[in-house]
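Heads up, the thing below is written out as C-alpha cells.
Labels for the chains are A, B and C, by order of writing; each one numbers its residues from 1.
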Amino acid sequence: MTPLTSDYALEVVNLKKAFGGLTVTHNVSLAIRPGERRLIIGPNGAGKTTLFNQISGDMRPNAGAIRLFGTDITQFTPYKRAHFGLSRTYQIITLFTGDTLEHNVTLGLLGLRPSRWQMWRSLSYYGDLATEARRTLDAVGLLHLAEHPVSDIAYGEKRRVELAVALAQKPRLLLLDEPLAGLSDTERSQVKSLIASIPRQTTVIMIEHDMDTALDLAETVTLLNYGRVIVDGDRDAVIADQRTREVYLGP
Amino acid sequence: MRWIATAPLAALLVLLPSFAGDFYINLASQILIAAIFALSLNLLVGYGGMTSLGHASYLGVAAYISALLTSRCGFGHGPAAIVSIGGTTAMAAFFGVIALRATGLGFLMITLALSQVLWGLAYRMSGVTNGDNGIAGLSRPMPFGISLDSAASFYWFALMVALFAYLMMAIFVSSSFGSSLKGVRDQPRRMAALGFNPWMIRWISFIYAGFWGGVSGLLYVYYNKYIHPTSLSVAGSAEALLGVIAGGSGTLGGPVVGAALVLLLKNYASAYIERWNMLLGLVFLFIVLVMPTGIVPGMSRLATALRRGSR
Amino acid sequence: MQFWIIQGLNSLSLGGLLFLLSSGFSLIFGLMRLANLTHGAFFMLGTYFGATALRSYSDLNIWLTALGAGIAVAAIGGLFERLVLTRLKTNPLGQVLVTLGMSFIISDACLLLWGGDSIPVPTPQNLQSPTRMLGFVFPTYRLVLVGCAIGAAGVLFFLLERTRLGAMIRAGVDDRQMARAVGIPVSNLFTIVFCLGAGIAGAGGVLGGPILSAYPGLDADMLPLALIVVILGGIGSLLGAFIGSFIIGFIYTFGTALFPELAYVILFLPMIFVIAFRPQGLFGRVSA
C-alpha cells in the first residue's frame, strides 16, 4: 500500500499505539505528498490527536515507522523533528501567555538557530530576529498587537499567533490540531484564509472535528475511526463514500 | 533598574564601612553571601521552574573542599578555590543528571535526598571532615597580598564578588539561552516542538546554578573561617528557598531582598526568641498563604498602581 | 552467627517501624500528590508523647498510648490540612513549603517542650523478658514490632481493598479528576487520608520509642527514610511501602553495622538507582 520511496513528505507505515489493553492506533498507514493539504477527520476518540502526537514525537508508537521526506524519524525526539522541518500547533493554546506576541514568535524563530545556546548576548542583540518576527506577525495581520502580552488578546487572535509561531520556522510539514476550534464566524474565516495562504513549500495536515468548516481547505481526506483508517483519498471521493456516512450517521 | 534609585544605593553600599560599626559591616557581608546563594537558587526556581531543596549541597561542598585543601593539604587559597569550584560544578553536573530524571515533586525529593547524603557523609566521615566538630582555624585568602581579616576589607571583597555574580546572572537571564530557559519553564512541550532541547537547557542551568552556589560557599567559609555539617543541612536550603519565595522568584532583585530579610530576621529574632526554626516555619506559612508571589512583585505592583492613580 | 540473627531481627523491627512511618506518607503522596515533609515530625511527636506517657506511668499500656498519640497527632494533622493545605490547592510548591515550615514548627516546639536531651523510652514491662526460640535469644519487643507492622498492614489492606472508603481512596490515587467527576468527595477524602497518615505515623512513633528514644532530630532522621521507602516501593502502593520498608530496614541496619561511615550513601544509592531506571518504583502506579 505504501511505496518505499522518498516522493512523499510524510509516510506513516503500520503505526500501532496501545495504552495497556486499549489500542488507540491500529495499523495506521498514510502517504502524503509534498505540498498536499490533507484533512484528518473522525469522531471523538478516533485517535486523531494521538496520531499527531506520534508524528510530532510527543508519543512513541509501539510499532510501525514514520518517515519525513524519506528520513526515518520514528526514534527522533520532538526537537530533532523540528530541525527536520516539522512544526505543529496544539488543540489547547500553548503560547507563552506572560510574554508579548513578538517574543512568542521570536522564540519560534530562535528554536532552529545556533544562537539559542548563546549565554552572553542579550536576545535584543539579534536585530534580524526582531525584524523577522514582526514580518511574520504582519503576515497574520497582528503586527499592531506585537507589544501586547498574549494574555491580553482575544482567543481568535491567539490562534493566529499559534499559526504565526509555527509558520515562522518555514516548516516543510505543518501539523494543525483543530485550528478552528472555539472560534467565532469572523475569526474562523480569518484563520481559514491564513491557512489557505500557506505557501506550497509547506505540506499541511489538519485535524478537524467539525467536517463542514474545514473541508474547503482540504484536497485529500483521511477518515479515522477507533484508531483505524476507514477511508483515504481525494476529498470528494471520501465525502461521497458510503463508509464515511456510516461512521458519522450510523449504518 | 532606575538610575535614580541605583546611584544612592550603590554609594551606600560602597561607603557602608565608613559610617557603620563592625557588627553591621559583618551583617552586610553575611547578607551579600546569602544574596549570592539565593540568586543562584533562583536561577533554578524562578527562571527554570525547578524547585530544589538541596541547594545547600553546593555551598557546603565548595566550603569543605576549600577548608580541607587549605588546612590539611597545604594548598594556597587560589588553587584551593579553583579545585573547590571545579569540584562543586562537576558535582552539580552529576547531580543534575540524576535529579533531572524527574520534574516537580520528584525533582524536589531527589535534590533533598542527594543533599541529605552529603550531610550524612559530612557528619559520619569524621576522619575526613571532623564530623560534628567541624573544621576550625581556617584563614581568609589574601588577593594581591591584601588582607581580608578586617570587617571592612572582607565586606568590600564580598561586595565585588556579589556585584560580579549579580551582573553575570543578569546577563545570563536576558540572553537567548536565558529566554529559552524561561520558555522551557513555561511550556516545555511547545519548546521541544520548536526545536529546543529542554533537558540540555535545564541541565546546563542546573550546573550554572551549582557553580554560583559554590562561589557563595567559598565566601561563606572565608567569612566564618569555620565549616560545619549544618551548612549542608535542609535548613540551609530551606532558608534560601524562603528568601527566594519571600522576595519574589520572578526577578533578580527579589531573592536579594528576600535573602536579606531572612538573614535580618534570623539575627534579630534569635536575640529575642530562642526558637528560630519555629519562627522560620511560621514565616514560611505566612509568606506562602498571604504573599505567594513574594515581596518584590507585590511592591512593584503597588508602585505601578500608585503611578497610575496619580495621573 | 548470633550477630547476623540479631541484626536480622533489628532489620525486621526497623522495617516494621518504617512501614508505620511510610504507609501514611505513601498514601498522602499517592492521593494528594503531596510530599508531606511534616511526616517525620508527626512520627517524632508521637515518640515524645509516648516517652512522657510511658515514663510517668510505668504500667501504662503501650498499645493504648500508641492509639492515643495517634489520635492526637491525627487531630493536629487534620487541623493543619483544613486550615492551611486546603487554601493551597492551586499551589503545589506552596503546599510542600508549608509542610516544611510545619515540620520546623513542630520540631522546635518539641525542643521547647522536652529540651535537647535524648529521652529513652522504657520497654513495656510485660515485653521485657527475652524470647527463646530455636536456640536463640530474641528481644521480645522487637518481635512484637514486626507483628505490629504486619497487623497494621493487614488493617490498612482491608481498609483499602474491602471498604467503600478504601475504594474511593484508590480511585482518587488512580485518577483524581475522574474520581471528582463521579462524585467522590475528594477534598473530604484528602482530610481523612492526611489524618490517617499522620495518625499512623504518630502511633508508630510511640511504638518506636523503646528502640529509637525521643531526641531532637529524630524527624530529620526518619523523613529521608520515608522518602526512600516510598520511592523504592512505589508511590501510592501499600504493598510497595511494605516491601520497601523491610528492604530499607535491612540495608540500613546491616549498612550501619558493617560500614558506619557510609551508611547514608548505602541507603540512598538504591533510591537514586530507582529514580534513574524505574521511576515508578517496584509497585507504584504513579511515577515521581
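The working rule: a residue touches a chain if its C-beta (ideal position, glycine included) is under 8 Å from a C-beta of that chain, and two chains touch if they have at least 3 such contacts.
Since we're looking at a predicted model, the values are computed, not measured.
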In terms of mean CA position, the chain most removed from chain A is C
Central subunit by CA centre of mass proxy = B
Greatest number of touching C-beta pairs links chains B-C
With chain centres defined as C-alpha means, what is the inter-centre distance between chain B and chain C in Å?
-> 32
Whole-Å distance, chain A centre to chain B centre, using C-alpha means?
-> 43
Taking each chain's centre as the mean of its CA atoms, how far is chain A from chain C in angstrom?
-> 49
Along chain A, where are the residues that touch chain B in the complex?
-> 56-58, 77-79, 82-83, 87-88, 90, 94-98, 103, 106-108, 110-112, 115-123, 126, 165, 169
In the complex, chain B touches chain C at residues 51, 53, 98, 101-102, 104-106, 108-110, 112-114, 116-117, 119-121, 124-127, 233-235, 238, 241-242, 245, 274-278, 280-285, 288-289, 292
For the complex, which residues does chain C have touching chain B?
-> 29, 33, 35, 84, 87-88, 91-94, 96-98, 100-105, 107-109, 111-112, 220, 224, 227-228, 231, 260-265, 268, 271-272, 275-276, 279, 287-288
Chain A contact footprint on chain B (complex, rising order) = 171-172, 174-180, 183, 186-187, 189-198
